[in-house]
Each structure stands twice: as C-alpha cells, then as structure tokens.
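Here it is, the structure, as structure tokens.
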Amino acid sequence: MSILVVDNLSKQYSKNLQALKQLSFSLEQGESLGVVGESGSGKSTLARILIGLESYQEGAITFQESPIAPKKRAPLRAYRKNVQMIFQDAASALNPKLPIWKSLLEPLKNYSEFTPSFIEVDGLSDKDIAEKLLGLVGLDSNLADRYPGELSGGQKQRVNIARAISLEPSLLICDEPTASLDVTVQVQILTLLKELQQQLNITILFISHDIRAVTFLCERIIVLKEGSMVDQFELDDLYKSRRNSYTKALLDAASL
Amino acid sequence: MKQFLLIIGSRMLQLIIMVLVLSFITFLLMKITPGDPIRTMLNVEDMAATKADEERLMKEYKFDRPILEQYGEWVIGVLQLDLGESLISKRPVLDMILEKLPATLSLSIGGLVVLFIIAVPMGVLGAVYEGRWPDYLSRWTALTGASIPSFWLGIMLIYVFSVQLNLLPVMGKATLAHFILPSVTLGVAMAPLYIRLLRERLIATLQSSYIEAAKARGLGKKRILFSHALRGSLIPLVTMFGLSIGGLLGGVTVIEILFSWPGMGELIVNAVMSRDYPVIQGYILIIGFLVVVSNLVVDIMYVIINPQLYNGKESM
Amino acid sequence: MKTAVIRTSLSLGNVNLVLGLLLAVFITSVTLIGGSLVPHDPFQVDMGNRLQNSSSIHWLGTDQLGRDILARLVYGAKLTIGLGTVAIVVAILIGVPVGLISGYIGGKVDAILMRIVDGILSFPDFILAIAIAGILGPNLTNLLIAIVLVRWIVYARVVRGLVLTEKQKEYVLVSQTANSSSLKTIRMHILPQVIPDIIVMAAIDVGKVILLVSSFSYIGLGAQPPIPEWGAMLNDGRSYFQVKPLLMVYPGIAIMLTVLCFNLLGDGLKSHYDIRRGRGRI
Amino acid sequence: MSNSLLTVNNLTIESRSGEPLLKGINMEIGRGEMAALIGESGSGKSLTARAILGILPDEMKVNGQILYKGRDLLKLSENEHRLLLGKEIGIIFQDYRGSFTPYIKIGQQMIETIRTHQRISKKAAKEAALLVLRETGLESERVYNSYPFQLSGGQVQRAAISMTLALRPNMLICDEVTTALDLMNGEKVLKYIDKARRETDCAVMMITHDLAQAYKWSDRMHVMYQGAIVEDGPTEQIRFHHQHPYTRKLCSSLLSLPKERKASSAEGVYSI
C-alpha cells in the first residue's frame, strides 16, 4: 500500500525560478526512498512542501489516502502527528535557551491524547519520558538537563531524531540529516536511522546530495535535477546501463 | 538606468506615504485641540476676545468644517505649491520657510563636515588598532560623546572660546568665524554614533575572508586597508551620510536656538509656541522632502559604490 | 558585524557593565541620601540668598531665585529618570506585541504596516516630537506622549526584524512541524531570543529620552519653570551665565553622568548577553 | 628526501589562553607532490595552512620550524614572508565567494596581484591574467571584466585558482576547495588543479575532510586528529594498511558504493 503519493507536483517561486516541475512518485509503507540531487535540484523544497512549511501550486499530495491541501499552514494536526522531519543543521534545530528535555517533549505536549508505545506505564514525569526518548537513540539519560550548547553535533542530531520519532510517525522525512556532521559521526547517525527504521517500521524519505549515504540507507532512489525527476530505480539497478546520463555522471564523480 | 528609475520611484512612493501619514496625524491631533489657535490669534491681535470673534475666525479659517475636507484642501494646496499662510504673520508659509532654509542648510553642511573629520579617522584608528590604546580612545570618545547633551556642549564651548578666551563670535551668522562654534557643536554631538558604526563595520571587514585572501596574495598592508577594506567600509560611510540627514536636521534645531542662528529652528520653535499650525505643517513637509531627497542621493551613491546592487542583491 | 561586537565585549564589555552599575549606585545614593541629608524644598524661593556659593547648608549653592541647587538636581533626577523609564516601558508594551505579531504572521498586512512605519521612521524623531508636542501644546506631558508615539514604532520595527530572523531558524520550523500554535511558538522560541535585545535597547533609550527631554526643555518646549528638570534649569541659568557659570555646569554634568550610566549599562548588558549566547570568539 | 619543498618540524600553536591548538606537527611535502591533509573539524588542518602562510591571528603563539626551500618561514620578517605569499605559495579557500574582494572587478584584482610580485606593465599583467583564465577553460574576457558576484560558484573558484597559478607558485594550498561546491563542479576543479600540478610541477597541499577525495587524488596522506598528525604515508598504505585506531575509524566511515562493497569488503572498508 502506498503511504504517500505525490502526483504532478509543481512549485514556482517566481517567474524565473521554478523549484519543482511535475514531480510524481509514491512511497510504500515501510520502505526507504532516497532522493538525490545537487544544490538547486529542488530537493529541500520538496521536503518543506511535504512537511507543510511551504505551499505548492499544482499537483496533489495524498497521504494514507487522504489529500493534503496545498495551502501553507493548512490545518495539519493529524498529518503532522504522522509525518515528522529531521532537519539538516543539527545545531540550529534545537532552541539554545531550552534544556534538552523541554525541546524533546514539545511535540508530545501538543498531542496530549496520544500515548506512545515506549511509555509502558502511566504516570511518568516529563523528565522520565524525555530520558526514555534519549535511550531510544542511544544517548545517556543525564543529557536531559543539559543545554544544546553542551552537546556535540552528533548528540544534537540524535536528540532531533528522538524528538521526531516521539510521536511514532509513519513517515520520517530526513533532509540532509548528516550534512552538518563530521564524517565519522555521519556513519553513526545513518546507522541509527537504519536501526530505527527496522525497529519501528517507519517509512523514510531520505534527501541527500551524498550518493554514498543514499545507497547505504535506501532500497529505492530517485534523482532530481533542476526540479525534475530524471531517474528512478531500485538500488540493485544502480549500475544498469539504462541509467540516465546524469545519474551516471553523478555516480562517476562520486566513485573512487 | 532601469535601476535608477526604480530607486527614484520607490523613494517618491516613500515621500508620498511619509507626507500623507505625517500630515494626516498632525491634522488629527489638531482636531483634538480645535479652539487653541484661534484663541492664540485673538491674543495676538489684541482684541477683546468675544464668542463672536472666535466663531468668525473659526469660519474664516474653515476650522468648523469636517477634518477630511480641511485635509483635502491642504493636500490640493500642497500640490500647487501653496502651503497656506501663517496664522500669526499672515505671510505665505513657503516664503517664510524658504527664507530660513539656506541658513539651516549651511549650518548642517558645516556640521556634516566636522562630523566626517572626527568620525572617519576615529573609526579607522579604532578598527586598525583594535584592542590597543587608539581603540580605547575611540571607544571612550564615542561613549562619553553620546552622553553629552549637544546644547550643553555648545554652552561649554561658548564659555571657553568666546567668554574666557574671546576667540570666536557667538551669535548670528555674519562671518565665516560665526560658523565654527555651531558647526563644531553639531558635528561633535553627532560623531559618536558614526565612530562606532565605522569602527565595527571596518573590524568586521578586516576579518572577512576576502581580506584574508588579499593577504594570502601577498598584497601590502596599506594597499589592503585602503583599496580593499576601506572600499568595503565606504558603504557604511554612505549609510552614515544617509542616517545623518534626519538627525542633523533635528539636532540643528537646538543648536540654532543656542547660537541665535537665523534658521528654521527659530521659526519652528516660535510656531510651536504660538500654535501656528500652517507653519508647523509646512515645516514637516519641507523636512520630509529634504530627508527623502537625501536618501535618494544615498541610494544612488550605493549603486555606484557597490556594483552588486545592480543585481538587486544585498551585500551588507 | 557580529564578530566585531563580540570582540568589544570580551575586552571591554564587563568593565562597562561594572562601571555602569557603579555609576547607577552613585546616582541612586546621591538621589536618596543627598535629598534626605540636606532637606531643602526645590521650589522654595529665597531672594535673600540668591546665587550663593556652596556652603554647609547649600552644598552646591543656590540659584538666581535662592533655591537650593542640590535639592533641585535631586528632584530633577527623580523626575527625569522616572519619566524616561515610564516613556520607554509604555513604548515597549505597545511596540513589542505589535512587532511580534506583524513579524510572525507576515503577509500583506505586515508589508503595508511596515511601509508606513518606515515612512514615519525615516523622518527625524526630534522634529516629529517637535511637531506633536507643538500641536498638543508645549509641556512635559505632551512631550512624553510624543516620545511614546514615536518610540513604540521603533520597538515594533526592531522586534519585527528580530522575529523575521528568528522565524527562519530551524527550531522554529521544528516547532511548527510539531504542530505548536503560533502563540506557543512565539512564547517558547521567539520571545526569549528577543528579550535581551529589547533590554539593551531600552537601557540606551532611557538615556536618549533624557537627552531629548532636556533639549526640549532647554529650547522651551518641554518642562516649564519652575519645574527643576535639568534642561529647564540650564535654560533658567542662561542669563546668569557670566555671573555664575557653575549654574550651567551642575545640571549638564548631572545629565551627562546619568546618560553615561544608561549607555554603559546598555553596552555592558549587550556584551553580557552576547557571551551568554555563546557568540564568543574561539 | 632530497626533493623536499616544505618541511614542518615540531610545529606547535597555542591560543591566547594557552590552550594547545597544534601539538607538534611534523610533515614533509616534496616538489610536485599532491599531499592530502585529512581530518575532521577542529583537527587543526586549516590552522596548519594559516601558519605556513603566516596569516594567523596575532594573539596565537607559534613555535617550531616551517622550512620552505630551506628557509624558516617563522623567522622571516613580516615583509619577507608577505613577498613569498602569492608568488611562491598560493592558497585557495573553501569559501570561493571570499577569494575576491566583492566590489572590485576580477581582472583588476589579478593585475594588482601580479604587479605586487612582478615589475611588469599593466598591459603585460593583463595579458598574463587573460592567459591563465583561458587555460582554466573560462571565457577569459568576460571573467576578466566581471565582478565576482556575476559569476557562478564554480567559475569564481576556477578564476581564483587561475589567479593563484598565474604567478607559477611552487606550492599550492587548497583549503577544502570543494566543500562549498556541488559534487560535479568539485570534481572539475580538482581535475584542473591536478592538471596544473603536473604541468608546472607545483606541490599541492590538499586540506580536506573528504576521504574519497583524498583517496582519489593524493599521493600521500597526513591524518590529523585533535591537533596532531596521527599517521602519514603513501595514500595506498593509509587506505589499506593503516595502523592508528583513529585512522581505522576514519577510513571505515567512508560508506562504500555497491560496487566497491564487493571489491573491498576484505580490506576493512565499512560494509553492512
């Protein structure tokens, strides 16, 4: 069953700037789809539209068989519970003035009627819940009281991931989640995402310029160039000769 | 060229908005106190103020009409370069202002010259010798300078240079020497803000990557400072000029009163004292016009200094 | 720009804060102790004791009407600082919410509002205050109304600018994707970032208001005699300048020290916040 | 090594507060060699480059030896050091926008640089500038008459490289030159640098955090970690026979493409 269907999606910023051109793809429950593109390919715009931070002009987005309106700031309460996003810059995704536990609990506080499955017993304090969340992403529970400035880049991104999965969303959008991190940390974060996907059966839309990272995490890949989808394939078909010339060029540049 | 037309267009729009908003506010405020100017006039004309006189004058000056109608008439008058006439002297407001304008402008220019003479070297010294004594001097000058009331500074200067040393004349604008004290007072009073602005901007420029790149190409220190870094700081200098105009026209008022300078300051203070509304209105209009015109000049200078603006991209 | 500010703060910032606080303590104690140790009525005319030099009774001497100068300065301090603070607090209470809402919601209303605000702001505030005070009548209350009318716009504009920057931060976007209400996002993520800038601006602004009020009083458009506002005192003393220059010196120094105090506090607080925000240099 | 161009002996740098930033770096770069200095953020790569160029902030304390063609750069006067910059040692920065002063035309800046180091006429300098621009494959006249903002990122970066190469330096420092560029543009830039190196026998010190890039282009690798070089050697040796635990961690963090996975799983490259 397709969890997300994007049909003919177009987004125009101004007369000369078209970010997305008639983009169509679908996402199956539980899979991880990679979106590869260089800067200006429209991949970040896609992420922002899907999370409801930006509007779009044409096309349709259907999530779990209900349409998502193109208007910015549409009433998205139910949708947002099920679709969460991890941003590129781990540091700036956390409010520097709030202790970690407060940042972590912001989504859950907005959905007080929802009890995530990792809370086995009732009556946990806010701190307890935050510590459980930290545990899910392999962080020490004593980080709950710290401030973002005291955490390393990798730790911050783990906190962001913990916050995103706290609502147990069905779809997790990752917009260049490792681009701001050191290479040795990148692998750890990607591994964490992979493990979480298997554990929690989350669908992942993984957006990146890094073809190596995409092939590590995703079974299926689409390639964007200047707002259009130029290629779409299963990971196993990566080296097939029918690949688009742009895909081949990207792959060639990345290869050793 | 298209760029320039765009700038001029947007500044004209600003002028229109500014004048309409400000004049409408002043009109509204006048409505709150409708009787006052009439009573002032009655006092001036030294008549036994009767109810009938008051009503007659209300009619004559159309103060009994709806505010929007009065406002509309004023706007139409402005479009025909008619700013009305003074309630007190009965002379055309435009004439009264134009008469005083040259004195105010010349003093402003004098102040601006002093401002640049002080602010540019102080700002550059502060930045180049950052953290060393010239920097401390520059910073403390800016800090204390910003805390001294300009008119008091003027009084002290008068006391030292005119009263004690008897070096410089004080009142009026007869000779070039008369310019010195008022200009210095005005320039010194305004300098602190710009010392700071230039210093901070230049320090930031000196740390920017293109200065590092210039060093890495082996260019000499002086060359880097003058043809690369200061070029970048010309932009804040121009900004400084643009920002100065408004402050200058405001600050000059007090200085004019202090030095009995026959400019617009005297005119407006007297108008305020006697609630001479047409003069106040006209004064606001003229100042607004001056501010917009000088901003226009600044905009055009920007484009010349920073070619990037041709593209409409901000560089600051 | 930012790095420049930080550099300043590291070398001089805390010194400024300390000096500012010391000056604040000094001004407060002179105001409190000076007033109670040598109690004189600042309005009490005593023609027999005109233009006295300092003595054990009149520490700073008397003015042209025989009034105690210290008593008048102290009264002036309470008046000026009080008025400045009230004006800025009111301006903040109006301007900050408007700026927050206009900046956060954005859209056409914001664009039109800011176009108008920019139009007004490019006009010299001193002259705007003259115009407003002039139309309402030249006295202290109207001057303050004029100041508030001008200053709230400044706060609205600055806060709006800050909100526009904050709004782009990813944690605000995260808050939106977590379905927090606009009010909650503003309160939780935007307001705390804006408050330090407002405090710094307010400290410096109180100083500016004091300067403005004294200038207005000096040219006769502010406090009217016999109110011992410092600018008005300077205006009073003008005719006796040749006879007793000190009459012109004391109020000027009072203004200068007070404004310097607020400037130092503003500067010091700014560096304090910059360091706390971790904007320090490595 | 007799053909050594740059030798760094026990280089240490301390911050103003006395915190050690570089802890005794030893390094040797031969003539015409492509040496990669690899490490993560904060490892001290850029600091090393800036020490060689002598453009560190004043408050940092530098000790040790940096021998360039046998002369100790740290003992040179400011002016002597400055004259080496650009002429003998060139650098290309990560932030290509910052390579040129934004409000001066590129051609003018090239002439300025050339004439700082060579006593030639403006006309000759212009010809030299146009020549190197052409060599990079840029439309030389257009680039020459452009402001930096009028060109694309890749073009500015290539113009910066050509300006740096115009004086035929013997050593080129590339500080993360591809980080701000797209993958394919970055490859183009590196190809050009490599070509220029072969043609002019100019040594290149390539500072990067990108392991794939170092593998692909360098002859020799120096692995930096927390202000020290933990391991160095020929690229093949570092890639397949590294010794230090940090190098192992770093090398294993290069995710492999499906094809490489089969080929190299035996060599310890990260695989699933």
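Here the chain labels run A, B, C and D in written order, and each chain numbers its own residues starting at 1.
To be clear about the criterion, a contact is a pair of C-beta atoms (placed from the backbone, for glycine too) under 8 Å apart; a residue touches a chain by one contact, two chains touch by 3 or more.
Labels paired with UniProt names: A = ABC transporter ATP-binding protein; B = Nickel import system permease protein NikB; C = ABC transporter permease subunit.
It should be emphasised that the depicted structure is a prediction, and the values quoted were computed from it without experimental measurement.
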Problem set entry | Set of chains whose contacts include both chain D and chain A | none
Seminar exercise, completed: The larger set of C-beta contacts, choosing between B-D and B-C, lies at B-C
Seminar exercise, completed: CA centroids of chain B and chain D: separation to the nearest Å works out as 51
Exercise. In whole angstrom, how far does the Cα centroid of chain B sit from the Cα centroid of chain C?
Worked result: 21
Exercise. If each chain is a dot and touching chains are joined, what shape do you get: line, ring, star, complete or other?
Worked result: ring
Exercise. All pairs of touching chains?
Worked result: A-C, A-D, B-C, B-D
Seminar exercise, completed: Per the touch rule above, chain C residues touching chain B in the complex are 1-5, 7-8, 11-12, 16, 115-116, 118-120, 122-128, 130-138, 207, 211, 214-215, 218-221, 231, 234, 241-242, 245, 248, 251-252, 255-257, 259-260, 263-264, 267
For this session: Report the residues of chain D in contact with chain A in the complex, numbered from low to high.
Result: 40-41, 182-184, 186-187, 209-212, 215-216, 249-250, 252-260, 270, 272
Problem set entry | chain B-facing residues of chain D, complex | 53, 55, 82-87, 90-91, 93, 95, 97-104, 112-113, 116-117, 147, 149-150, 160, 163-164
For this session: Report the residues of chain B in contact with chain D in the complex, numbered from low to high.
Result: 208-220, 223, 227-228, 231-232, 305-308, 311, 313, 315
Exercise. Any idea which chain A residues touch chain D in the complex?
Worked result: 38-39, 182-184, 186-187, 190, 209, 211-213, 215-216, 235-236, 238-239, 249-251, 253-256
